[in-house]
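Next come two complexes, and both contain chain A; in the first it sits with chain B, in the second with chain C.
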Partner chain A sequence: MTDTVQTTDAGQRLRAIGGVLMMSLGPVLMAFLLSGVILLILKVNPFSYYGYVFGRGLLSPTGVQATLTRMGPLLLIAAALIVAFRAGIWNLGGDAQFLVGAVFCAAATPLMAPHVPIWLGLLAGAAISAIFGALWALVPAFLRAYQGLNEIITTLMMNFLGISLASVLVKLVFLDPATTVPQTRTLAVEDRLPTLFGTTISSGLIIGLVAILAVHFMMTRTAFGLRLRVVGGNASAAVHAGLAVPLLTIAVFAISGGLAGLSGGVAILGQYGNVRADWNPAYSLSIVPLVFLARFNGFAAIGFVGLFSILSIGAESAARRTGVPNYFTLVTIGILLVMLAVSEYYSAKRQKAGA
Partner chain B sequence: MLDAQTRATARPSGTEAPPIVAFEGVTKRYPGIIANDSIDMEFRAGEVHVLLGENGAGKSTLVSMLSGLQQPDGGRILIDGVERPIGSPSEALEIGISTVFQHSMLVPSLTLVENATLGRKWWQKPDRAGTAEAMKAAAERIGVNLDPMAVTGDLSLGERQQAEITRALMRGARFLILDEATAMLTPNDAARLGELMRRLAAEGMAVVFITHKLNEAVAYGDRISVLRLGKKVGGLAPDALKTLDPQEATNEVVRLMFGTRDASGAEEAHPDSTTVDRAAKPTLELLAVYAEAGRVPLQNIEFKVWPGEILGIAGIDGNGQKQLAETISGQAPVSDGRIVLDGAYIDRMTIGQRREKGVRYVTDDRLGEGTVGTFPMSINLLLKEIGQAPYWRGGLEQPEAIRENARRKVTDFDIRTPSIDTPVGKLSGGNIQKVLLARELAGSSRVVIFEKPTYGLDLANIAATQMRIREAAKSGAAVILISTELDELLALSHRIAVMDQGRIAGIVENEDGARHTIGALMSGAAK
Partner chain C sequence: MTLFTDTFLIALIAGIAAAGVPLLLAGLGEQLSEKAGVLNVGIEGMMLGGAYLGFYIAWATESTGLGFLGGILGGMLVASLMVLFCVRMGLNQIVIGIALTLGAEGATALLHHVQFSRLYPRLSDVATWRIPGLADIPIIGPALFDREPVVYLAVALVPILVYVYRRTHLGLAVQAAGDKPAALDSAGQSVLAIRSFAVLGCGAMVGLGGAFMSIVGAGVFVPFMTHGNGFIGIVLAMLARGRPLWVLFGAVLFGACLSAATALQVAGVDIPTDVVQMLPFVAVMLVLLIAGRNAKLPAALGAAYVRGER
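Now for the complex of A and B:
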């Protein structure tokens, strides 16, 4: 008797997991299919294109290492977005928070590095990037918390300011006097984040994984995370329950901006070593759809960020061989988002029919 | 009694044209609630038909069925005496039914003419000059003075409504619904709209006027229908309305809206006031409290509530009851005056601090602010205790303690839920209310504010909720019971305060004759 109950329970759970997989992977497969159709229209063989993409991004040893290295900063951005989005705050200013954090980190760390132990230099550099990223998020935070200003607008506006400020700082203030190219001083390779197990994979990957898992844990298991989710789920209920909504809002912006800034720091400390003028990888806005695809779940976000890493590293190589520009990755992601919306629509419809 | 009269007298000249719209036993159900329960109603040309009723009485549902937005689940709708469904808003327009809402539906950045030409096919060139002429003519016909070239945004709300009514006339409306059209207007604009209604009726239009304000209903209406909990509980037919003077008519309507029993008839049993020791120190004291932030500012509110006492707050909805609850619970700031709980001032404390002191607030906005609909029921039970032991330790969730608490509350409060993990938004209204009661009545409460606690519930849940209110008082808490149901207040409260426009119009001991006194205070007769 109890056995049968358990098996039906297990069966139901299996079906539920299957449903979630269908909802997550179905759109991915459809996106590849439709991207393939577009490639056909461009007279490119989709199989050879995706062959190059995955051959480079997933199957070649150097490609895999590049993919995993790039995942570090991307995971930190995803963590930054998950904190904010789960609290109902649409922080779209991650690009500027990333760059401002990166620039200050790149300015300070090479100067400190010769005088302190490596670990201390790295720690200080990471802290600086997080602090400046958080500071850059504070203007929208206060405007939202105390004036009720829509943070979508303010964070996007702060992007323009932050990206320009980063450029100005690199060109005028933090310029490396030793080069003619406008860029900051370069952090010596031996002073950078250590690589993992004798490969070229930066330990930024570990930082990213730890951050996103910590954020996932915080949001789902702690009282603080629940308070944030209450604010995100129903702000009036948060007020009614006596939560300090303005303070929580500012905390969310600070954490989110700090993680985005840290992402910039990790990119500098692990990969690039310096910031060139006009550098803006615009990671944050590319990660936003992935975090939605993952439905703000940390584990799922790791998967999607990994996929995106493979695609973007692979696309760089495929671009050279097939003439399809790098940006085709964004086409795939765009189609993926549309497919996600379609699958959400159908699942909502199915739920309604079931109820 | 009155209902029968309404039907019996029909119209003196019964041979004239059938009503433009007639409802016969029209019923509309929503999940867990019957919004309209077999409504019979007639809307005739040349009549202003006033619909009265509290929030949630079913007026909006009725209007949305008239304007084609909703379809009835039962009953018949007759148009000009012939059965015909109003399938969509455009069908309603075809029939000649037009609706004017309390918020203007005109585009503020366009002129009135441009607004009037909207909605045509995109390839047609709008004939602005011709439309302006037609608009002027239509406006003159009903005695409205408007400039078709004026930009809508520059006009007052009252003028915009006049423009909307004019536009409706231009489109051939013969049936005009004014849905709480005076709610946002200044008194002058409201009076002007009232006169306009009379002129429209004189022109032979049918006007349906929905309002909360009894004086407007009596002044502008030819016929009044009162809705209560989805049912038509009665009304005043045109000849009845003509023979009564305004004050008598108002009293009659108050009686219909708030109680079915005769005001002078046998009195009901009152709660035993001897259990309340008025010589003891009051638990809660409001001293000349003013709160100006809300939509209805509170002015000079003063009362005391003793331990074990239920103080009822009566009044027509929207006279500051919600502001009062929010001011005591800490959700709205006090601008002047003091609030004393057990001898200590609490008016500067935060919501959380007041809760710790024993202030509990059962809100009527159960899904809007009471709960987070997407969260499991078990978490919603603890929404006001996040981070506290034993449910959280060191900031970490203790799932077993949280589940245990939920299971206990499910048994104690008889919450019917598929599981304690079910999102609270999926429960029925009665069970959501039980979740709120279970949350607010936990621990040691000193003051419990119930705001419209039985609103929207079925009979079994009403009884269960009222039992909880009595129990809260019996356990020694000072209870404030805000309700628009006079019967409920009379059955539960020891004293009843009547609120009118943000003030306390009077506080009445609940003894014989209380119903009459409260009715008088509510209709403003005692002023």
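Now for the complex of A and C:
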């Protein structure tokens, strides 16, 4: 008796684990497959393309260090998105929050650095980036909280505004007078975030990991996180439960924008040292599908961000060798997002058929 | 003021039309789709699809007419993916919308790269239709009544859509599909068919708008050239509260912001390009701040229709 119960239990658990794996990895595999077909149409051997991608992004020593360094800001973006999405808020304005944070950080930190201890300069720089990122998120926050305006549209509009504003600031206001190239003053290498264990990996990676785990536990294990999830799940129920929905909405935007801004700060303090005119890595919209793929789970997000980091570092080198431009990564991400939604569709269908 | 010469005014008003037409078409398309209950965030991708295919066909066949048809087709191609995933399969409209926008950005840039590498071939000027009589009015005449046929078509769509929404069975069915799809179903009409029609119609209009940008506006295709025009179309549809005429007003307003800055630059007033690019978005945010509370959306917007489900 007990034996059969146990086997069905184990079988069910296996099937559940298999289901989760299929739900997460299935779309990834399908996306690679379809992207490979597109490469074939472009008359590029998909195996050699992905060979270059993973050879550079994962297997070469300098490539791995670049991949891990890039993961720092990307993880912070993922953390920003997880807070917002779990609270039911579509913050799609991460690109501008990132850039605005980066620009103000790059403007202020090199001026402070010679006069204060390194740790204080870095701390102040990080704080500035987070504050300006949060400020940039506040306009959509108020519109959503008090006017009920859909934040998808407003954050996208603030994206276009913020990207242009960043380049205006770099070209006209925070210009480094010592160079002819339009860019901000450069933070000296010795004043930047320390690298890890004698490698070139920036300690921004640690900041990113801490942030995403903190966000994960805040959302799943604290009362504040529960309140946010209630607001996200059913806003009118949250009102009936006596939650201050407008205030919570603004808090979510501020945290999310702050983390996105901090991501820009970490990219500057750890890696670039300055902002050049028209610099816009546009990480945020690419991370959106990954956060969905991770089902808003912080641990899973770390894995997917790692994969994306490999892809984006690797694609830069593959672009030079195979002549497939970087745009190809965008196509892959688009396909991935569609595949994800399709897999969700079939799992919902299966569940309904089972019930 | 010497600034307000006739040439300046003509350039300004003609610029409003040039910048406003893509916005108008995007807004009208989004409005149709939203009325039927599909929040179309993929509109930016449809616009790019139209801009690329329209430009490519106009370039390959040396016929702008075929180019505009190609633009319509390009928009509808991207829209057909939206129909498949969001209307038929009922997947999350926002996720698919973002996917289509990202995918179309990548795909059109990639296609352009494969086709032209780093060259940006320019199309010759598009022939205009001169409306006798009206075109002789000073300033307004040459700016508005000696234009490309698509401009007239876009403006003519406004009264046509008003008529369709108010007076026809089809218009009623479209609005029912967005407000109470179950009622439409009970009345014996297919919700999915009506929604598919609306999304494809949206793709056609938006694609035409994209083709207008590449064929008439710029004369070239540049990757990512729609630069948020599709998203502004969503804002127009939100603020218009279902009225096509209000979309026209909005398109003129935002077109004026774009045109004023460009015309000032032409007139020799020095404004950095980045500031010029900011203006329409500043205007959008200001309008949303002032009038945002009045934005109204259909009840079943964003919800997939599954027969028999409540």
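Here are a few things to note about the model shown:
Here, the second predicted complex is superposed on the first by the 344 of 355 C-alpha atoms of A that agree within 3 Å, B and C clash if a C-alpha of one lies under 4 Å from a C-alpha of the other, contacts with A are read in each partner's own complex, and residues count from 1 in each chain.
Methods note: a contact is a pair of C-beta atoms (placed from the backbone, for glycine too) under 8 Å apart; a residue touches a chain by one contact, two chains touch by 3 or more.
None of these values were measured; they are calculated from a predicted model.
In the three-chain model built by superposing on chain A, chain B clashes with chain C.
Of the two partners chain B and chain C, it is C that touches the larger number of chain A residues. Residue contacts after overlaying the shared chain place A:223 against chain B, while chain C stays out of touching range.
When the shared chain is aligned, no partner comes close enough to touch A:47: not chain B, not chain C.
When the two complexes are overlaid on their common chain A, residue A:299 makes contact with neither chain B nor chain C. Contacts of A:333 after superposition: chain C is touched, whereas chain B is not reached.
After overlaying the two complexes on the shared chain, residue contacts for A:153 are found with chain C alone; chain B is out of touch.
With the shared chain A as the reference for superposition, chain B clashes with chain C in the stretch 165-173, and the other listed options (165-173, 219-227 or 273-281) are free of clashes.
Looking at chain A, you'll find no residue that touches chain B in one structure and chain C in the other.
For chain C in complex with chain A, the touching residues are 41, 81, 85, 89-92, 94-96, 98-107, 109-110, 113-114, 223, 227-228, 231-232, 234-235, 238, 272, 274-275, 277-278, 281-282, 284-285, 288-289, 292-293, 295, 297.
Note for the complex: chain A touches chain C at residues 42, 90, 92, 139, 143, 147-150, 152-154, 156-158, 160-161, 164-165, 167-168, 171-172, 285-286, 288-289, 292, 324-325, 327-335, 337-338, 340-342, 344-345. On the chain A side of its complex with chain B, the touching residues are 221-224, 226-227, 229-230, 233-234, 236-237, 239-244.
By the touch rule above, chain B contacts chain A in their complex via residues 330-331, 350-352, 354-355, 361, 363, 365, 368-375, 379, 383-384, 386-387, 392, 395-397.
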